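Which chain is which? They are A, B, C, D, E and F, in the order written, and residues in each are numbered from 1.
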Amino acid sequence: MSEHLLILVSTVLANNFVLVRFLGLCPFMGVSNKLEGAMGMALATAFVLTLSSVSSYLLHQYLLKPLNLEYLSTLSFILVIAVTVQLTEMFMRKSSPVLYRVLGIFLPLITSNCAVLGVALLNVQEQHNLLQSALYGFGAAAGFGIVLVLFAAMRERIAMADVPLPFKGAPIGLITAGMMALAFMGFNGLANL
Amino acid sequence: MTRSFKTSGAPHMPPQTSVANVMLLVLYALVPGVFAYSWFFGPGILIQIILATVFALLFESLMLRWRGRPLKPFINDYSAVVTAVLFALCIPPLAPWWISCIAMLFAIGFAKHLYGGLGQNIFNPAMVGYVVVLISFPQAMTAWIPPLTLSEHSLSLADSLITIFTGQVPVAGGWDTVTQATALDSLKTGIESGRMVTEIRTSPIFGDYGGIGWEWVANWFALGGFFLLYKRVISWQVPIAVIGSVILLSLPFWLADQDSNPLPLQHIFSGALVLAAFFIATDPVSGCVSNKGRLIFGAGVGIITLVIRRWGGYPDGVAFAVLLMNMAAPLIDRYTRPRMYGE
Amino acid sequence: MSPALPPVIRSSFLLGIIALLGTALLAAVNALTHERIIEQEKHRVLQQLNEIVPTTSFNNDLLADKIEIRDETFFRHPAAVTVYRARMDGQAVAVMMIVNTPDGYNGNIRLLAGINAAGTVLGVRVVSHRETPGLGDPIEIEKSDWIRRFTNKSLHDPGPNGWAVKKDGGQFDQFTGATISPRAVVKAVHNTLLYFEANQQLLFNKPTQSPKQNE
Amino acid sequence: MTLAHQIELAREAGKRTHHFHGGLRLRHNKKISCQDSVERPLLPTLLIVPLLQHAGDVAKPLVEVGDHVLKGQKIGQCQPCAAVHSPVSGLVEAIEDRPMSHPSGQAGPCVLIRSDGKEQWAKLRPIGDWCNASAESLITQIQDCGIAGLGGAVFPTHAKARDGRDRQIHTLILNGAECEPYISCDEMLMREQPDKIILGARILRRALGAEQVVIAIEDQMGAVQEALTQAAKHAECKSISVVKVTTIYPEGGERQLIQVLTGLEVPSGGRPSDLGMVCQNVATAAAVAEAVVEGKPLIERYITVTGNGISHPRNLQALLGTRFSHLVEACGGYTLDVARLVVGGPMMGYPVASDSAPVVKASNCVLALTQQDIAEPQPEMPCIRCGECARVCPATLLPQQLHLQIKNDLWNTAEEYGLLACIECGCCDFVCPSHIPLVDWFRYGKGEQRKRARENEATELARKRFENREDRLLRTKQERGEKMKRRKQALKDNAVQQDRIRAAIDRAENKGDISGTSQSVGKPDDA
Amino acid sequence: MLISILVLTALGMVFGLGLGWAAIRFRVKSDPVVERIDALLPQTQCGQCGYPGCRPYAEAVSKDEADINQCPPGGDAGIRALADLLGREPKPLNPDNGEEQAQTVVIIDESRCIGCTLCIQACPVDAIVGAAKLMHTVIETECTGCNLCLPPCPVDCIDIVVVKTGIQRWRSPRPQTGKKAMLQQ
Amino acid sequence: MSNSNLKQILADGAWRQNTGLVVLLGLCPLLAVTNTLINGLALGLATMLTLMVSNLSVSVMRKLLKPEIRIPAFVLIIASVVTVIELLMHAFFYDLFRVLGIFIPLIVTNCAIIGRAEAFASRNNPLASVVDGFATGLGFCITLVALGALRELTGHGTLLSGAAMLVGDWGQYLTLTLIPGHPGFLLAILPPGAFFCLALLIAARNALEANKAPLPKQPVTTPT
């Protein structure tokens, strides 16, 4: 139990995927200009990341590993992710058109979020079991989502500030991300793994 | 017969106050605390305040010049001085001089002016400066000195100057090192190595409820805080929420297991909690605007501080907690808009 | 859906072929590099071990002669302790143990300790740790020489009281502003020595596990 | 909230007062202008009567240059709004644009009347027995006499009354809580003419069909409560109560006043009539009384001329159209250090560049301030989010956020932050340590918002018309096309027909062949 | 080895099929963004953008055929709104398309009008009324000021006038900000 | 394919449309591996190689691929190329492989690669595509190196430390200690420093560009 809690605390706070491990930065910088968009992205990512984390684990555990094909993991993971995204999209469109309208446009962007592939690869590297993989994926997504939403809210405020010209746009965004990373240093040692 | 007049916007009454006034009030309110600080820990703190202020004003004017903004109104608003003083109060009193320089570069240059200067920064500049030097130079930043009451030698101004500018330990003081674990630090490392709180608290650095000396400094800071409350420079929500959340959260732990959890009072009167509750978490610029938001903000600061103190890697988490809540402030603001009249 | 079917199949077929080509390429490259990769991995572990036990002093396959022991109560850590055994012509020369200690400032420190058959430390290295950079990290060999001080120490030199940092009255230096990390390392090395003394027979004689798990 | 409950709460008004959020306790400064009783200044020779004196459109002049007019004669009319009357008898000298007392400082259309000094009244048409007159006739009379709200917004009173009748008003609130510093014209009116106010209240009550009247006055006003209560008693009117409310600016704002009296809040975007209440200024009530009982149109009003820049501050009863300079002279002229002239109070008033503008229905105060009163203008600093502005805002807005939205042209969020709910009271502006001209921003924002609404309307209209036209063009084209097709089809049909005919002819011609075929067809049958 | 090759082939085919099917199944549909772009355009229908009306321009923008800075009547505010909608950087108005100008309408000099009806045909919003051979009039409230009716007029009887803003249309000016306000005082 | 055209491609990829500084793609490796110059260089080279190979193969196959399966096909190609590179690094540059860790396989999700494949290689001939791959890779590599240099210099006062991993043992003599006795500024090495340094680089680039061609002044709206 506490081990699982630890995985969550670690992925969300101490080793936050975006701010500490540097994964998923492109959507972090790209989809954070508007709070609504960021929330959509956070939700969609949480969904896909958990799902693809589990499915790539299954693929690795029951197909690649027994057949000694581990060198194919990158290739097959990326395919699994692409398929997961597509299936999610289809499922969402069928089951919840409302959700689809909100999140649909974010789904294709997720394929190129390297946090998704990163989670799959890290699961293998850290030898997680099924539950751990799922938690790891979910924690990573939650960590991503939380900082993304906070970041978007901050950027809306920064957009109204009198930022020096060369720093307008991406640079001040990165500075803010740096400040967030600075603050997240405080969680250092929180998850003594 | 008719006459012409100059026009200007309403209202047509002299303004009541100004930014400089507000900042000056904050500085006045810090005076008792600073006095107590230098009483217990020597004149080093005064040197640090001066150093930080000089560097803060230096970077402030450089950045203003670079951004093409007028110097006078912004230098005269004392906000950089408040930042500098609050930063100086957070660092070990004998920290080397360049610590202030680097911290103020990040505080004023990065955290304040890259965001557009006064009033527009998202993060608390003083805390940004402090955290930057804390993680970059942990050695210098953990070199705390014991309260003077615990040592038979006093710390002269000259000794302090020498230590700050050359790094040499004042030999005359009879110390082998300036380093000393603070109350929080001993508690943390003590509890982690399995010792009991009562046993840890037998160390002479502990006072009645906080660290010896430090608890009185905190008291005087609180006095200054009440002055600000009275003057309505700060609102009660933040300090109450910070202190209240710390008590509420640490009380059950303490009740459950008094051996490995310190008294809630201990939490409040050690580290920078009181200073933060009244002076740092109340920074209007980087905090929340609505009353409900301020309550959430303060509670967040208290809770995160406690979490970091108890489970995290740093003995005190106030600075991180403030920065983390600064991060959340825009979002909180968005969802705590007060109900409009008639809505 | 039905009207889209023929192109779907065609395109999918094309994709399949690309996938096939890609995987074939990978299989080929993998076949070419596989040996070398395993070689590299072995080489790296050996290199680490050799820093402590010179290659000349043993002639067995170090990596193959590996066992895992678990003693949570003694090491106060659930993880298995990996033990490599160096032998010269079948004669026990030294053990190399990878131990964990939870006492670090920020949690776990992972150490590699080499002890020869006489119970003398051949050398200690920190494998991984999370101590504060700039404060606790001089325990790494890359940051300072401190860790070399354990070489040639044994349970008798220094005596039981000497196995502590100077601040606690022992023999080993702490770093300015950081006592916890060195204290943890000293304690862990001392513990390992104690364990070695008590379980020497077991350490040298326990048979290796089936090769399958060695993979 | 049921209507009954609302009435109950409203009825309680006065027994227990409530609070509104924020507000300011300001220095009163009213005494200086209350020492002397109200007098009329000397009759001015030239009166400048603006044709725009109330919310709405410019009135159409009913007179021409050279016409002789009588005092009280209607000189301007504008259908839905209130009429404009001549304040004196005399000659219409010109109808032209003149500087008006308006925040813009712009000129507007005015009728210039040179007084003949005879003060000859036009024929007045009072309603003799108002107690039995129909509400409609009362309202028409109010409209004819050009009564508009004298509390500042100059909203035509008849419109408010008519709307009130449609919406089941139970309470009429008379606003005597003159909350701005310096202004004392309502106080003087209540002291000197309580009977007229009570009379006006009764007439308005009847016009509205309301049950009760609450007159709200500030607790710092001396003998006023006594005078009004006496007057009410004298009129043997029980359903009129006089209530003292604590002096906090802007208590006189109708929304705040209603909240103080009843604890209810006027819904945002709504009006007091949504709560079954109507709020009128006391002077409006007095004007209504004169209009109905004496038939006198609104041609003069009480106005406070005060401030440290005036030698002898006092209240005057001024004819509309009198220039401010004339009033100032009647008060002994300016002092030496006068620096700014403000129309209205120090919080909400607007400065004017010259004192040549005329008194209008909205002018309740002319305030001359010295340099000391307004102090050095301070540099504007960035907002430090101190929250003072939010603390004092009676509309519970977040002025600092609102200001940011407007500054960055984020109009949708500005509306979310309550731009339209701002009553422009100036509290936030006054307390801001950064000296940000917040109210100026909000006024700008509201103007911009109105403009955008107008533009959107125009855009929508244009879009619709454009689409209609496109449709129409398409339709005509289609129709034309269709017609063409039909004609072609017809031709073709014709052709087919002709083909058929031709075929028939052919058939007829080759009859033998055809029969031959049929014979061959018939062959298998034989088999 | 054989097994792994077989598995590889199978995997490759499966993924290929799956991806191919999904890619076709979810091809991006035409976007509804045209409506939202059109909603932001001023509907002057003046054609200065190079398209015959606002809607065609909106369609062009949505297809990335036209840039967002081609509508002079929309001006800077319009460009900013478009940039916001489409997630692009705002840019200054393209001077080739014209300049932002005060709102105007046209009036027909009734004495000169010969009733040729040419202007009626040109007006995109049907703001001109009149019948053949008779005098024509512009409905001022419906004229968008596109000036398309000017060129066809054979007798030049149409004049452009700036919409007059009376005192009741007066709006508070934008307060001065920043350096300017600071230096002024 | 004219010379000037190739030059144009080079300039676009390396400066005008620089992936890291302008387009802001591939940020994760950009920030994660640049604590030293050498690490940055190594990943930059690997990315560059991937870009060139993937551009080449996409360009060769461009006629075969229908639009609807282009993207999945690109992903397949890129993933194969990246895995090959990963295997080779594992075999021949073992130390680098360990330092760069999962960021080698993550080259796959570097949107810049798929972006170039889609925007350029699928429309141009193989030669131009390779040049474009090279240019884009070069731009990315330059950014990585610049960022790595900045962080290593401020953090440790050295440059080129760890060169041995790339070029073999003699590389250790390449390490330049530019600021002897540098106390070590940890911030630059830690995650926040990565963000700050990249922000400073982008701002510097913005300032340079602004000086070159002064941006049209931001129009201020004034009401009429």
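In this text, a contact is a pair of C-beta atoms (placed from the backbone, for glycine too) under 8 Å apart; a residue touches a chain by one contact, two chains touch by 3 or more.
The shown structure was predicted, so the numbers you read here are calculated from the model rather than taken from an experiment.
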Centroid comparison with subunit A (C-alpha atoms), farthest chain: D
Chain at maximum distance from subunit C, centres defined as averaged CA atoms: D
For subunit B paired with subunit C, centre-to-centre distance based on mean C-alpha positions, whole Å: 43
Intercentroid distance (Cα basis), subunit E paired with subunit D, Å: 35
Whole-Å gap separating subunit A and subunit D, where each centre is the average of the chain's CA atoms: 55
Inter-chain centre distance, subunit A versus subunit F - centres from mean C-alpha coordinates, in Å: 22
Sequence positions of subunit D contacting 2 or more other chains: 377-379, 382, 407, 409, 437, 440, 444, 447-448, 451
Shared interface positions of subunit C, touching two or more other chains: 7, 11-12, 14-15, 18-19, 22-23, 26, 30, 105-106, 132-134
Junction residues of subunit F - those touching two or more other chains: 68-69, 72, 76, 79-80, 83, 87, 186, 190, 192, 196, 221, 223
In the complex with subunit C, residue positions of subunit E that touch it: 4-5, 8-9, 11-13, 15-21, 23-25
Residues of subunit F defined as touching subunit A within the complex: 24-29, 31-32, 72, 75-76, 79-80, 82-83, 86-87, 102, 105-106, 108-111, 114, 190-196, 198-200, 202-204, 206-207, 210
Complex contacts: residues of subunit A adjacent to subunit C: 71-72, 75, 79, 188-189, 192-193
Residues of subunit D defined as touching subunit E within the complex: 52, 56-58, 100, 102-104, 106-108, 377-380, 407, 409, 437, 440-441, 443-444, 446-448, 450-451, 455, 458-463, 465-466, 468-469
Subunit A - residues contacting subunit E, complex: 33, 63, 67-69, 72, 76, 79, 82-83, 86-87, 89-90, 162
